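Next up: some structures, all given as structure tokens.
In what follows, chain A forms one complex with chain B and a second complex with chain C.
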Partner chain A sequence: MEIIEKIKTNKSDDNLTEIQKICLHKLQSSPLPNPKSELWRLSNKSKLSTFLDFSVNEKDSKFDMPYPKNSQSTIRLIIGENYQIKLIEKNYSIQQLSEDELQKYIKEQISFFKQNENWSDLLNLSLSCKNNILGLKINGSKIPPIEIFSNASSNSLNAKTLVIFLEKNCDVELLQVNLGKENSSLSQSTFFCLKENSSVNHGVVSYGENRSNLLNSLNVIQQKNSSYNLGSLHFKFNYARFEISINQSAGNAKTHIKGMQITKKDEQISTYTKIEFNGPNGFLDQINKSLADDKSHAVFEGSILVPKVAQRTDASQLSRNLLLSNLAQIDTKPQLEIIADDVKCKHGATISQLNEEELFYMRTRGITLTEASKLQLSSYFQEIISFIPISKDKWDLLDKLLNEN
Partner chain B sequence: MVNENLVKDVVKEPYKYGFVTDIETEKIEKGLNEDIIKLISQKKEEPKFLLDFRLKAFKKWQKMKEPDWAALGYKKIDYQDIIYYSAPKQKEKISSLDEVDPKLLETFDKLGIPLTEQKKLTNVAVDAVFDSVSIATTFREELAEHGVIFCSISEAVKNHADLIEKYLGTVVPASDNYFAALNSAVFSDGSFVYIPKGVTCPMDLSSYFRINSGDSGQFERTLIIAEESSSVSYLEGCTAPMFDTNTLHAAVVELIALDDSSIKYSTVQNWYAGDEEGIGGIFNFVTKRGKCLGKRSKISWSQVETGSAITWKYPSCLLLGEESVGEFYSVALTNNLQQADTGTKMIHIGPRTKSTIVSKGISAGNSKNSYRGLVKMGTKAAGSRNYSQCDSMLIGDQASANTFPYIKSQQPNSEIEHEASTCRISEDQLFYLQSRGIEFEEAVSMMVSGFCRDVFNQLPMEFAAEADKLLALKLEGSVG
Partner chain C sequence: MQSKMKESDPILEVENLSASTDNLPILKGVSLTVYPGEIHAIMGRNGCGKSTLSKIIAGHPSYNITNGDIKFLGENINSLEPEERSQSGIFLGFQYPIEIPGVSNLEFLRVSTNARRKFLKKEELDTFDFEELVKEKLEIVKMDPAFLSRSVNQGFSGGEKKRNEILQMALLEPKIAILDETDSGLDIDALRIVASGIKKISNAQTAIILITHYQRLLDEIKPNYVHVMSDGQIIKTGESDLALELEEKGYEWTDNFVKET
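So, the complex of A and B:
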């Protein structure tokens, strides 16, 4: 109940938007996710309550950009700043969604929400005020890369929402950066709707600071012949959950996902993915990597649903995990639920530490143990990082991962 | 081919073990309460520690909730509408098989189980359990010469109370789960095996479970103890008559392997699965667990699950001893409206422990077949390894195949590998076989048996042949 009280004390009922009211109403019946449900069973309860402990903040302070804007052509947006976006060029157009369009779309999404599966979204939508919702409609091709930032201020709980419509035949590169400040909580929900024949290279980089928390939810609907590529990286969060839900609404779509989470100290980072094929000829190639060190805990749960309509689906999912310390813990649960018979589905999972033979080989060649493990790690990271758009040439993520702490 | 004709003859009879033996039975009234448990205990002339064990389990059971996490849907079981003890009436004490009711012997004969000791050629010792009681155990003298104890658990309670008291409930505690608690409260009979130090059991041991009455549940309990450097292979078979009501079967199997010993436990489960509309059939809720207590001990589970309307079964290994080994080989076939949620748990506790999981699921008709497994590496399991492979095959577009592997590691110096795949019968292969003059259904059953080969190779010889035939029969009519 506490969380609902918190939202309400901030505002009187009249100031709440219709969406906030609907979500609050849904949260009222069960304010917290069921800890026994499969999706929340492994989630650290005390960390979740720390997440909710901060007071809700609707305006946030300026933050330091993690890297300079080095090319004029990149479009850079920060959720929470008041924009009037209307970019109409020869090849493309980027426009802000109207209030009505936003309302209608979000309401439609809420009607499919389930209490435990979409708890993070419900929380996000009941917290995020008008200013913190950014809706974009993107059309055309040869669009300059887009960067969208979302951040939380210290000692507060911030909620940011992003809604993106990709119109037919549209092709875009988009990087989303979620920045956590010291002692902060960020709730980020993203809704993507890919119309026919559209394609996106989506990058999600969530980069925290000391004791920052994150609930990051990503909902994607893919129409026919669309192609969705996601590269994601989550690190340096005291507590972070990344929930991905992808729905190939009419099949015939392609999804590639490469994600990674790195946990150190006593952090807990989890990734939950749910991929639904609601039509034939769907394709999925997913790899999720985790690295757990010190006393940390990394969790991956991926489910693939192939109902009867989804004939000729080709889906593969791989979970690769590195456990580097005696006190760290990794849980992984890839799962398949299949009814269609003409499908190719496979999944695999491994948990191990760095390959000793490789280490030995490098050491015999005069490379020190530290250097050798770094080399191994960098090859482990590189596969994911190279898949994240835009970032690779200006923000040296690999260096950040290998050399910080 | 002679063999083919034989198969066809059998096919005409959809479930050939579906007959009922008309024999006078002694049943107690329906329902479950403390008095019923006391009555069962009294009928079996049990010592006090066992009655206490039962009552304690019953108290725990009353506080527990029926699990609902499995991917199974079945109508609620009314636990007060079940008879918890049913036994064929026979003379007080029997000294030899000649005194067993000939009708019972006939029943087991019909099932193809050799109880009469003239059939020594088979070289398999059998403990036959009919409803709630064990009616006969063969080859006892021969086994006794080697110091092997093989008898019904009721007899073991009387003659080897010390062993029962020491080990019963140590692997599957009464409070382990809902069905284990129920079994601990009301278990009626089952088998007991004790292999002394250094002995390799001279023959395969086998128990055969038969449910005969429609309204009584079967709750058997099996306990196998392998002392240091001993080894045993144990087979289990099950059948039941056809009734249009559902019968509950909740068994507990406990295995204990000490230093350098090995236990191989094989099951061919062919309980009545209900008819094509899903009416009737056995609800099979079984807790099977082995404890590798000793260093270098080994427990191997192999199972062929083809029967039962509902199967809920996870044979597991607790790998405590250094370098102990756990294995799980399973074929689960579901057809019509059958539902199976089965798999294994491999809990690595000791250092350098190893486990292998090979699971093959085949779903046909409107059935649902799930693999659910857990592999856990504890903090002390340094140098441990696990390899799991789960393959599913779908036949027809109404069946569903699910895979839920849970993997948990707390030990960096260990390796876990898991892979799973789902496919259907390859049209190319089918075409190839048909072009060689092999009929469609036969080609399918050949391919299914090829798909299951990794598991069949692990089964004892008699079982492997039977399992192959069983799968072919079960799939009849489901293709095309």
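So, the complex of A and C:
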């Protein structure tokens, strides 16, 4: 109940938006997720409690860009900065969604929410004030790459919401960067609607500083013939959850996901994915990698739902995990729920340590153990990093990771 | 044979070496001395300890030396790390070269070559200079340059992996190369190319230990000495004709030596 009180004491009922009121009402009966439910049983209770400890902050302190803008054509947006976006060029347009469009879409989404499954979104939408909700409608082709930043200031809990409509036949590269300052909590919810024949290469890179926390939820609806590629990377959070929900609403769509989470010290980072095929001929290729060191804990739970209507679905989900310490913990559970009878679905999980024979081979060639481990980790990371759009050429994520691991 | 007067100091001295893994004794008192310019062949049944001996000389961390010493250029190297042994000039050619997905072969070769060059106090090579050097060395093993842009040994055939091993030997210019069944998995032509490469790389200041089951490699590279191993020991040492005798009579013939030992 504390969190409800916290939001309410922050402002009067009159200042709450309609969406906030709806979400608060939904949270009223059970303000926290059920710790015994499948989606929350592995979540560290005290860390979740730390996430909620900070006071809600609706205004950001000055935001420092994590890397310079290399190309003039790249479009950079920061959620929470109060500006009007209206870019209309010959081949494309990027415009802010109107208040009505935003309200209508979010309300519709909320109507499907379940308390445990969508707790992170309910919390986010209870906390997000108007200024911290960015809605975009993207149309056309030859669109310059888009970068969207979200951040949480120190000693506060910030909530940011992003809604994107990708119109028919639209094709775009979009990188979302979520940054947590020291001792902070960021609640980020993203709603992506891909209309027919649209295509997106979506990158999500989230990293924190000392004792920062993140609840990151991503909801994607894919209409037919759309293509959604997601490359994601989460690291350096005391506590982080990345919840992905993808709904191929009419089948005949393609989804590729390559994600990775890296945990050290006593951090806990979890990824939960739910991919639902609601039409025939859907395609999914998913790989999730975890790397856990020290006393940290990484969790991956993935579910693929293939109802009867989703005939000829072709789905693959693989969880690959690297355990670098005897005290680290990895939990992984890829699952399939198949009703349709004409499908091709596979899933699997592996947990291993750095390959001793590979290390010995490199060492017999004069490469030190530290360098050999770095080379091995770099090859482990490379598959995911090369899938993250925009960042790969100009933001040397690999170096950052290797130097910090 | 080993007591024969030599003009220079030995490159490698293995003295009464015993070693184990998981408390299981594998080597039980092996002694072997290798001088510059020499080629030694070690033969023996599967599981007799040949490959283990090569790995222990190269510093494999899974084995414990329980007795004896390994000296390289007069220095005891028992406690040196594998990379230190490599940098100082010991090369192990693997029986099954390891695939390292995601690590570029060219970059791997460059990093290892520079590690050796750094030890030799030679200037380290940048990418451009290294490409020049590696092109020259590729000729030795007649290897397609396309293999440089792939991941280390990934998708290589058995023969290509072995050529890649000899390419590494050519780049690292070791004082001693221990080649563990380099001939396995090679067709006749590839065997000739690899053998010719090994001969081109070696000289009067370096030495080679060939671990093999077959005479066919020794037809190409004639050893000065042949050692027969059994149950973690060298049970007989002879000149190159010992290998021919072994080929003719089989390992059963050596069982009598074991009894004598």
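FYI, the second predicted complex is superposed on the first by the 404 of 405 C-alpha atoms of A that agree within 3 Å, B and C clash if a C-alpha of one lies under 4 Å from a C-alpha of the other, contacts with A are read in each partner's own complex, and residues count from 1 in each chain.
Going forward, a residue touches a chain if its C-beta (ideal position, glycine included) is under 8 Å from a C-beta of that chain, and two chains touch if they have at least 3 such contacts.
Because the structure is a prediction, the values reported are computed rather than measured.
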Practice problem: Return first, second, both or neither, reflecting whether A:Gln382 touches chain B, chain C, both chains, or no partner chain. | Solution: second
Exercise. Between chain B and chain C, point out the one touching more chain A residues.
Key: B
Quiz item: After superposition on the shared chain, which partner residues are touched by A:Thr17: those of chain B (first), chain C (second), both, or neither?
Solution: neither
Quiz item: Regarding the shared-chain residue A:Ala328, is it in contact with chain B (first), chain C (second), both, or neither?
Solution: first
Quiz prompt | Contacts of A:Ile339 with chain B and chain C, given as first, second, both or neither | solution = first
Quiz item: Which positions of chain A touch chain B when the two form their complex?
Solution: 308, 311, 321, 323-353
Quiz prompt | Residue numbers on chain B that touch chain A, as the complex places them | solution = 377, 379, 392, 394-424
Self-check item: Complex interface listing, chain C residues touching chain A
Solution: 58-62, 81-83, 85-87, 91-92, 94, 97-98, 100-103, 108, 111-112, 115-116, 119, 151, 168, 172
Self-check item: In the complex with chain C, residue positions of chain A that touch it
Solution: 356-358, 360-369, 371, 375-376, 378-380, 382-383
